[in-house]
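Right, one structure below, let's go through it.
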Amino acid sequence: MILLEVRSVTKRFGGVVAVDNVSFSVGVGEILGLMGANGAGKTTMFSLIAGNQRPDDGSILLDGVPIHGMRPDIISRRGISRAFQIVRPFAGMSVLENVMVGELFGARQEKSTTIAEARARDIIGEVGLSDRADDFADSLTLAGRKRLEIARALATNPKFLMLDEVMAGLTPTEVAEAVAMIRKLQSERDLTVVIIEHVMGVLMDLCPRIVVLHHGGVLAEGTPAEISQDARVIEAYLGTGRDSAA
Amino acid sequence: MTRTRIPEIGVIVAAFAIVASLPWLAGSYMVSFAFSLMMWLALTQSWVLFSGLTGYISLGHAVFFGAGAYVMVLCWGTISFWLAIPLAGIIAGGLALLLGYPCLRVRGPYFVILTFGLAELIKFVVVNIESELGQFSRVVFGGPGVDQLFHVMVGLAAIATLMTYVVRRSRAGVGLRAIRENEEAAETIGVSVARYKAFAFAASAIIPGMVGAVMVLRTTYFEPLQAFSPITSFTIVSIAIIGGGDDAPGPVYGALFLVVLQELLWANWPQLYMIILGLLLVFFVLWSPDGVHGWVRKWQLGGRK
Amino acid sequence: MDALLSGQLLLAALVTGFVYALVALGLNLIYGTMRLLNIAHGELVMLGAYVTFWLFTLTGVSPLIAFVVAMVLGAAMGWAAYRGIFRSAILSTSVVERLEANSLLLFFGISIILQNVISLIFKADLRGYQYLDNVVEFGGIAITGNRLLVFGISCVVCVGIILFLRYSIFGLAIRALIQNRDATAIVGIDVDRVQAISFGLGFGLAALAGALISTMQPISPFMGFPFTIAAFVVIILGGLGNMTGSLVGGLILGFLETYGVALTAPTYQSILIYGVFIGVLLWRPQGILGGKRVAR
């Protein structure tokens, strides 16, 4: 069953076509990978889905309902969450408060701060940040902030989670931990996840299906094996499909 | 998270009780001093409710004070004072909603100068209206006595403090602070930023409107250049920066400090007073933006960061 | 109606316009290169006015010389302010982050300090002096000598600065700095030196404007703020970093104000300025960011 559908979406910024007639769909419970060189349009695609940008053409449907053009906070309440590529913690607030924002204003719209706090603590435990719960968010390391970003996105109780390059800047150990965490979260919460990654190994490992973007358009779509052997992809990447990037 | 707050707020509640009983405990000088203190406290607490929590620094809050004063002046003789005061508050709140519509789309320093510019614009508009009406200043006689007005002011200050205290700890407070920390992320997570900003802005205008109305009764005198004076806005912001703009205790520290400074300097050396205030603002903005309350908090938390 | 079409009003508008352009050019240089909203800019104008007033009334020195002195002092102050305060402020990133949000309050505090220091020294009442008060007539237009002088000097300086910025190497460097700070450094330009020069020039122009104004109207410690507002309006109208835009914008504002007041009443002057200010801020908030997307 299809949860999210992107139909012929185009987005221009002045003279630049960032997203060019892109169509794909994501099934319920799927983990989909989104791949492409810098500037291929991946983050813009996320922005369009989350409502931070409006598409110039085409439509985006969640559960069959068009959501393109809606305000980001409304889209969030419908169950779409996003972990940003450049992490945006609420620096002056504690880790706990950061996650509480998700509980209070996400899909659940929790009214009680006490309940929100309790739930937030649970989620913080799930991402492994329990010992930092009362610290200021800007005191965390990069890896910690990425976990916080995910925790906050989870607190909004999403059906559909977008992870934008959450592995960037992590050591191999941290990457392995993050992959395990994502797998666990996805299965426990029955999430549908779309992941943007440059760390190829991660993408091949986590995602049964991958969409490749290039210059704003869809270049190829398929299993990791299919993608890594696709002539067009190889041409575009000159060998990136085979070995993991550092 | 709430344990360390109780001592501060307990002290403040006790202090309010003492202040409220001043007319029976002390002479008119102390009452006058406390009157000023309560006024600045009420104004700044309201300011912190919006600007402190959302980070949208309003440098034009005097416009709400002035508007409230003008409402009282226009109602004088036709409506009872006791009705005019809340009316002033409501109209000030409405003004904020009106001004908020264009202003709240603009961020950062542009919001600051925009609020300042609008306050000045409205000031000059009122000046012109008054001169068209043939009035250059107005006198408002027959209002309630100082002691009664004092209790009203204490009440306003207490309500404003309570509002800031409660909101900061509420769900709305979390939303407002999220807006301050990162507005785009807040909206993406699900905070209706436009609505929250607008309501907080309006809420922050109501008490200043009522304060303005009460002050007109107290001084029995209204003159638009004074009622809408940017010095009022500047003082409010200074109190908040010096005392701390994140929570209710901040304006208490700041207002106390300011009124004492005023008592010492204003009568004889007004320029020196302003210079000191300016220097303090510069100092705190550069090196201690969380103000005195920030110091207290750091000390309470044992420097954890 | 006659009054409206008179050459007199036209000349008055031109004088006002060029003075505004002068002030705005200065702010453009400072704000353009530093990206800090210096709302104490009007106080620099005020200081220039007081220096001239003081020199003239104290020593009888010709205001023409005082103009130069004010401008040089202003430039020196700008240089010192940059070297002393702002350079280190830019280098320390944590201060910069806080500065971005609070820079306005910072400069507001500075302007309050300056206003009150001058008020303490000179008293708050209006001061003035007579200079070239004689009325000169040509082509049916009557104008005081001082206004004519101000017109001439401000016009020449404005055009001169614009030409300098457009055709000299320094000018190119300054314009590069306004457009893209990092790229300018990479290209090998001594950003520090260019910045210091911009500051000096910016302060100097403001001080000159103040000196010129002091010949035409009475001065007070609180006269600066309307010029700050005017300068911002002009920059938004003309575009940040766009020097010719500042000249054109200044003239537009000068005309708007002069003819607006002529059509209504002198008491409407403030309403006009603030009204235009609000209007421009709301209509073109990106005008403050400059015509193009400027990288920081």
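Note that the chains are named A, B and C in the order they appear, and that numbering of residues resets to 1 at the start of each chain.
Note that contacts are C-beta pairs under 8 Å (C-beta built on N, C-alpha and C of every residue); 3 or more make two chains touch, one makes a residue touch a chain.
In this text the structure is predicted, and so the values were computed from the model without any measurement.
Visitor: How many steps does it take, at the fewest, to get from chain A to chain C if each step moves to a chain that touches the one before?
Guide: Counted as steps through touching chains, the separation is 2.
Visitor: Measuring between mean CA coordinates, which chain is farthest from chain A?
Guide: So the farthest one, by centre of C-alpha atoms, is C.
Visitor: Looking at mean CA positions, which chain is nearest the middle of everything shown?
Guide: Nearest to the common C-alpha centre lies chain B.
Visitor: Between chain A and chain C, what is the gap in Å from one C-alpha centre to the other?
Guide: That gives a centre separation of 49 Å.
Visitor: Express in whole angstrom the distance between the two chain centres, defined as the mean CA positions of chain A and chain B.
Guide: It comes to 42 Å between the two C-alpha centres.
Visitor: So what's the Cα centroid distance for chain B and chain C, whole Å?
Guide: A distance of 33 Å separates the two centres.
Visitor: Flag every residue of chain B that touches chain C in the complex, lowest number first.
Guide: Those in contact with chain C are residues 55, 57, 59, 102, 106, 108-110, 112-114, 117-118, 120-121, 124-125, 127-128, 131, 234, 237-238, 241, 271-272, 274-275, 277-279, 281-282, 285-286, 289.
Visitor: What residues of chain C sit close enough to touch chain B in their complex?
Guide: 37, 39, 95, 98-106, 108-110, 112-113, 115-117, 119-120, 229, 232, 267-268, 270-271, 274-275, 277-278, 281-282, 285, 288
Visitor: Can you list the chain A residues touching chain B in their complex?
Guide: 50-52, 71-73, 76-77, 81-82, 84, 88-94, 96-97, 100-102, 104-107, 109-113, 116, 134-136, 139, 152-153, 156
Visitor: Applying the document's contact rule, which stretches of chain B touch chain A when the two form their complex?
Guide: The touching residues are 1, 169-171, 174-175, 177-178, 180-182, 184-193, 304-305.
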